[in-house]
Amino acid sequence: MLRRILGRGQPVAAGVPAATAEPTQPLETETEKHDYAVASEWELMWYKFKRHRLALICGVVVLLLYVVAAFVEFIAPYNPEAQNPAAAYQAPTRVHFVDAEGNFHLQPFVYGTTSQRNPDTFELEFVEDTSVIHPLQLFVRGDSYRMWGLFDANLHLFGVEDPNVRLYLLGADRQGRDMFSRIVHGTRISMSIGLVGVVMSFVIGIVVGGISGYFGGTVDLVVQRIIEFIRSMPTIPLWLGLAAALPADWSILQIYFAITVILSLIGWTGLAQVVRGRALALREEDFIMAARLSGTSRTRIIVRHMVPSFMSHIIAALTLAVPEMIIAETALSFLGLGLRYPAISWGVLLQEAQNLRSIALAPWLLAPGAMVVIAVLALNFFGDGLRDAADPYKR
Amino acid sequence: MTQDETFLRRSGMTRRQFNLMFSGAVAGSVVLPTLVKPAYAQPTQFNEAPMLAERVAAGELPPVAERLPPNPVVVTPTNEIGTYGGRMFGAGRAPETANDLQIGQVAGLFRYSNDLNEIYPELAEGYQFNDDFTECTITLRPGIKWSDGEPFTVDDIVFYFEDWQYDSDLLPVPSATLMAGGELFSLEKLDDHTIKFGFAVPHPAFSIIHFSGGPSEPFRPAHYLRQFHPKYNPDAAAEATAAGFNSWQTRFTNRANSAGGSFHNGASNIDMPVLSPWIPTSVDSQRQQYERNPYFFKVDTEGNQLPYVDYMTVEYASNAEVMNLKAVSGELSVAGMDIQLSNFPIIRRGEETGNYKTKLVYSERGSDVCLAFNQIHPDPVLSKLFTDVRFRQAMSLGINRTEINELVFLGQGTIRQATVNESASFFEPRWAEHYVAYDPDAANALLDEIGLSERNADGVRLREDGVPLTFQLEFLPHEGPKTEVCELVVKHWQALGIQVQAAARERSYLIERLDAQQQDATAWHADRLLERPAYAYGLIGKMGPGGDSIVRYGKLWQDWFNSGGERGTEPPQEAKDLRAAYVAWQETEFGSDAYMAAAKQVYDLTTETLWVIGTVGQSPQPVIVRNDMGNVFRDGDETRFWWGAANWFWHTLSPEQWYIKA
Amino acid sequence: MQNQTVPSDSPLLELRDLRTGFALREGYVKAVDGASFSVARGETIGVVGESGCGKSITARTILRIAGTNDSELGGEALFRRRTRDGRPGEVVDLLKLAPNGREIRSIRGAEIAMIFQEPMTAFSPVHTIGNQIIEAIQLHHPVSKDEARATAIDMLRRVEMSNAERRIDAYPHQLSGGMRQRAMIAMALVCRPQLLLADEPTTALDVTTQAQILALIRQLKAELGMSVMMITHDLGVVAETAQNVAVMYLGKVVEYADVRALFHDPKHPYTQALLASIPKLGREAGARLHPVKGMVPSPFNRPRGCPFNTRCPKAMPGVCDVDMPGPTTIKPGHTVSCFLYGAGDTRTEAAQ
Amino acid sequence: MGRYIIQRIVLTIPTIFAISIVSFVIIQLPPGDFLTAYITTLESGGQVVDQAQIDALRNQYGLGEPVHIQYLKWISRTLVGDFGYSFQWQRPVSELIGERMLMTIILSVASLLLVWAISLPIGIYSAVKQYSPGDYFFTFISFIGLGIPNFLLALVLMWWAYSYLGMSVGGLFSQQYADAPWSLARVLDLLAHLWIPAIVLAVGGIAGLIRIMRANLLDELPRLYVTTARAKGMKEGRLVLKYPVRVALNPFVSTIGWTLPGLVSGSIIVSVVLNLPTTGPMLLTALQSQDMYLAGAILLLLSVLTVIGTLISDILLAWLDPRIRFN
């Protein structure tokens, strides 16, 4: 899987220095000169980015996902761990507008259900109790939670008032837990693990790649050898070995960070290559040369001049790496080496769903997979837009 | 049952008759016991499979009468006389783990009923203890041949013990299962078919007689394996190195189809002759192939040499879902060991398209997930808590077993403590019912009583040193729904105000922790709880003092016991009592009155101490039998079929008389 | 397709109010905004101006390779085609031809060829120059590969490339800059075009090579009897090669004259400014001219009126920043678009 | 060129050695060893296991020795082609790997070809028609492919193929052909089963390669040499294929080297889900059961393949790109 990550990194890196080396369409570079003469690189990026409509929409989706991740307790209608023996594998609750008598209601509502075990297949079978209408409501009091570990609350964005009626928007899992709430809760880990992992890759990648590209020569050669070496390591075994070696008495939080470190240990090489390519190209550029000639220290050159000059590019590369991390986390979870119960991530949820019963009879349990796809899609388009916007030599 | 009806009843009466028959024998000489007359005429004409008849005609094989022993085991087919031919398909998980087809087809010295309560002759015709149970004489059925045509004799048993199990070059520490009173069994070859075992102390619980952990196979083909042993072949070491092995020992165990010790390891060596119904013919990284054993020593009631089925193929499946799907799609002749209960709805729905029938069999595990608290915890506060029986009672009361049964076992398991199954002759229901009722109020009251009444702002109980009470429940996510049950148990306990985390572990890691006695609480299953293995192996099993495997809650006690008090930690009086009770039980004769009394003593103690807490046991296991398979289960038989490692899964169904319907 | 009959002494190429615009995402750019001049048979015309004033786009528009689908063309580019036996043939409006259609492709390379400023990047780095030259031949002539190769070697010899038999199999990066430009010229001329569009052919070269290349172009022009449009910002090059000169500024031809008139009697303030800063020969190669104060305005944000009024030292407020001056004929063959010399064909740029 | 190749070959030797050390360390990283892992396996089969006995066995297998001694023994034997015996399978490692190599290669090559056959044309189309509806469509599809976890896709496809196409489950052959000698019917049977894993393996790769091809080609399309070629009167389609695509393909060539071993390693999860007779699942179980000789050999093999692959693609790249060849 990571080969894919690396695969995307390298040719981009290969293409970049060449693209920067010679502007082939003087017309366009010059057209930009005037308008953006006073614009900072960031403003320029934003100016170009916002014209990329799809990327903009996807940026909003990404933002939404992070908002959800920040407020999971409030957005999820239930405690994601609240089991219910009467609702195992319950299909998604049907949200009605028209009641059993055929009357239309403006406010959507649900019916309560009763379940009975089929004596032949031992499945629970559910029957809607159409006698009582339970309207869906905003801001409902329900399961209590501790928000950000700071204060206790029990307000939820939406839900059903009657605590005996459960709303299963995306069905229930084998323990009768609400999949919607679980997916919402999974957002927090899944959306952040990529970010944290990428930030780590980023730090390693930018330092190593920057050094390699800035100094060139022997340093570059050695770093390139190391990168080649790391890339020659088959990734899955590497993950397996490292993940299996994690001390078992670590808390979920520690394991979480350890896993991100493991993912980024391999992921940084791609970024390092990009940074190196940019740095190599920049090294030759006038303003770096000027700074060097004027006796500015090397660190200062790297930090003040080189880093900002490829920052925009790196940001784009980061956005594209986050989805890879998300996928990698699901893969590790699948192998039973990633996060585990009681952590809730999309990968963990998918791992719970990867059995015959779920796929054949409870396909709603695969919904976390759809979330992964949505997040990856949004992040990719967003990152693509950023990359296009960040590249000063493209329209 | 499916067997030759010359069996021995488990009851004291028939067993004594059996012994009485032996009592006429002069020690040191062999007298074949006069067996109960079968209800049918012993077949005199023998038939064989067409594929063997061809080979006989071609001169490759001697005629069937010469291949069979003069007195072959006669098997009454489960439903009807079968037809020869065909191939059975099975699936397995890995080469070293047992699979449906392979596990069923082992030939042992004796054979047993499904609940293991009845014992039948097989390779051996009978056994006889002396009066004080310090000796046991086993008589082999004469004329049995290995699959290469060589005779099977007492030498093969002697070789197994003296040149392997007792050979300190191969196994520096012999298995505890081969000891009585701390000393190895002694062996004496009386003649080619009679062997006498001697014990340092009275040992009626002789493991070779009392089935446990697989059919008794205390033999290996000496004529084949001697070439790999330096005692018989001075070049064995050099040959081993040349063949790429670390040492002659690793080559020997490899050639003996084992990765080490006495452990059966599938069929990695197809060259070693066998006594079982099928011979492995090829083994590669994808499948095992078997072909009928032309020298197999059993016939049906019409004199047809068994097995009926010519070939078997076991394909490895890389994951359980593939195996389940293979079964549902009707690719497997029989499937059970890796079929998951959670898939039952889809398995039941698939019967028609997959052309199979599903039968529910019941785990012999007294508890499918049982829990144990570390009784020698390095943290004195936790240690004090865990060793307080009221704490364990509270934890047991706090588990909502009904919810577990509904959510994990589709409502089909049995709520019970981890104790012996009701098939045991001495069974008392109170053992299973002890503290199993869900009563959170009582549990909270007990916890308050033992000094856990203080709680912090989050409602978590505080230990006596003021720290929130938190610990981990560690388990291996294998062999049954451990994860699912532990997740629920932890929630139930959290509701009592105890911050418990369930932690799935990698197995070697957990074993290292258990060895160092560092765990808080662990979860595993309580198995071998049918009567006979409970008797023969209970002391060193999960219900023995200190526990076993993943529920080894008192490893240091066991060290103390085993070293005579030199190492380890001195156990509390209850543990010493339990050990004494087990030892006393094992010194009574199977089925005797003293035996019944001693067994009750043992289980009263395990129940009272509650060192091992049960949840739900005897879980149903769907097994799939394709419609073209005959003689697998008895038609219309509704009795509970026990299933598990203790009775070797399919083994008691006699796969050699299964056949493929035309 | 519009074919007109014109007198045989009519120019080879006549641009009438040529306009090229690009609808970019930033806005609409008028890269060429009404360029009119003609190229006579055998003539070398110089097109000069600062970077970004539409010289290259004019040339590319003629070949219809300016931009891709997002360009809008206007005006006419009348080109007299050559018949099969080499005599003047029908006249086509290049702008009316289907983009990348059969007819324009039969003109490209065969009748109008182009050479570029940077011969390194103008050759594919992964093909030998021979491969690329032979391809140019075979695109227009049904000859075998061997014949084409012989022609290519012959052409390489004519551009004075030593060891042509060996060098034909060289890759671009194996050649020096001058050699690459010679190869480029060989490739452009191998089909004996009527018109050569030379887009800053010597800018990237050192001075000695520059002179050699210019001499080569002059010589080959004479040999092949072709016309040359020499696009450059270097007035020295113009002085050396061209008969007539068009000075462009922001997509417009602001002054057109024969080379003598232009150098001795420049009319347009822009031309004058350019001449004022003419470099001495022997200046460092590759040095940029900064002849005029200020920057070329953004094409998105053209000044109202005369495009040069923002930088013009002689700008007349109220006049130059209101209307666009039309071309005024000073004398035959010398036109200038500036209010200093009359209103000409004045247009009010209300749209701006 | 010759010197370049020799230089590259010399450089690979220390890399391979370093990899062998790291592989060995990775295998040793998890606590315990094969025998501790083996106990529970045996117990699950109802075996009675004696811990003391296991400890004694540890010495017979040489598992009690320090890691560096174990490594030296292993590598010195490996160097002469003796990969040792698998603990888990109790069979020579070379035999085990050999049995699975053919299918591994068939599968990897099939999915690689599929990836290329689909992604290159789409990538070219997307670049040439940048920002067209078609470009957006393919971008969208390819990102979806990138976003679906491949084990999930494998599981769903397998279920779908079973329940709607009535295909046999997992594996690369139907039951009757599983062990049959090679024949036309068996090849057809293989093809009938190959498509699911090939698709699953290809989906992620396709997305990636489309993006790379598109980006690379977009970099090349505005280059001057493209304009030159156009100015020569070339047809647009031929022009794009001969010049920018050719240049844009070079980075692809440089990926061939590690794509194949990468596919082998990346296909582990898919192979486990689909029960494929490849080295992937074998490696996974070997790692999980700490069957170090088997795991070590496969890891080493993969790494050597990667290094050799990289070497080959470097040489191939040099052959394709004269700029590298002659510098």
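Brief remarks on what is shown
Per-chain numbering from 1; labels A, B, C and D assigned in written order.
Assume a residue touches a chain if its C-beta (ideal position, glycine included) is under 8 Å from a C-beta of that chain, and two chains touch if they have at least 3 such contacts.
Not measured: the values here are computed from a predicted model.
Relative to chain B, the most remote chain by averaged C-alpha coordinates is C. When the interfaces B-D and A-B are ranked by C-beta pairs in contact, the top one is B-D. Centre-to-centre spacing of chain B and chain D amounts to 40 Å, using the average Cα coordinate of each chain. A straight line joining the Cα centres of chain A and chain B is 47 Å long. Averaging Cα coordinates per chain places chain B and chain C 93 Å apart. Separation between the centroids of chain A and chain D, computed from CA atoms only, is 25 Å.
Counting only residues that touch two or more partner chains, chain B has 321, 325, 506, 509. Counting partner chains per residue, chain C has residues 118, 121 touching two or more of them.
Counting partner chains per residue, chain A shows two or more touched chains at residues 24, 244, 354, 356, 360.
Residue ranges of chain A in contact with chain D, taken from their complex: 1-4, 7-8, 10-12, 14-15, 18-19, 24-25, 54, 225, 228-229, 231-238, 240-242, 244-245, 323, 327, 330-331, 334-335, 347, 350, 354, 356, 359-360, 366, 369, 372-377, 380-381, 384, 394. Against chain D, the residues of chain C that register as touching in their complex are 60, 63, 65, 100, 104-110, 113-114, 116, 118, 121-128, 132, 135-136, 139-140, 171, 173-174, 184, 187. Of all residues in chain B, those touching chain A in their complex are 320-321, 324-325, 328, 340, 342-346, 348-349, 402-403, 406-407, 410-412, 472, 474, 477, 483-484, 487-488, 490-491, 501-506, 509-510, 513. Taken together, the chain D residues at the contact with chain C in this complex read 223-225, 227-236, 242-243, 246-247, 250, 320-323, 326-327. By the touch rule above, chain A contacts chain B in their complex via residues 81, 83, 85, 88, 117-118, 120-123, 174-176, 244, 248-249, 336, 340-342, 354-357, 360-361.
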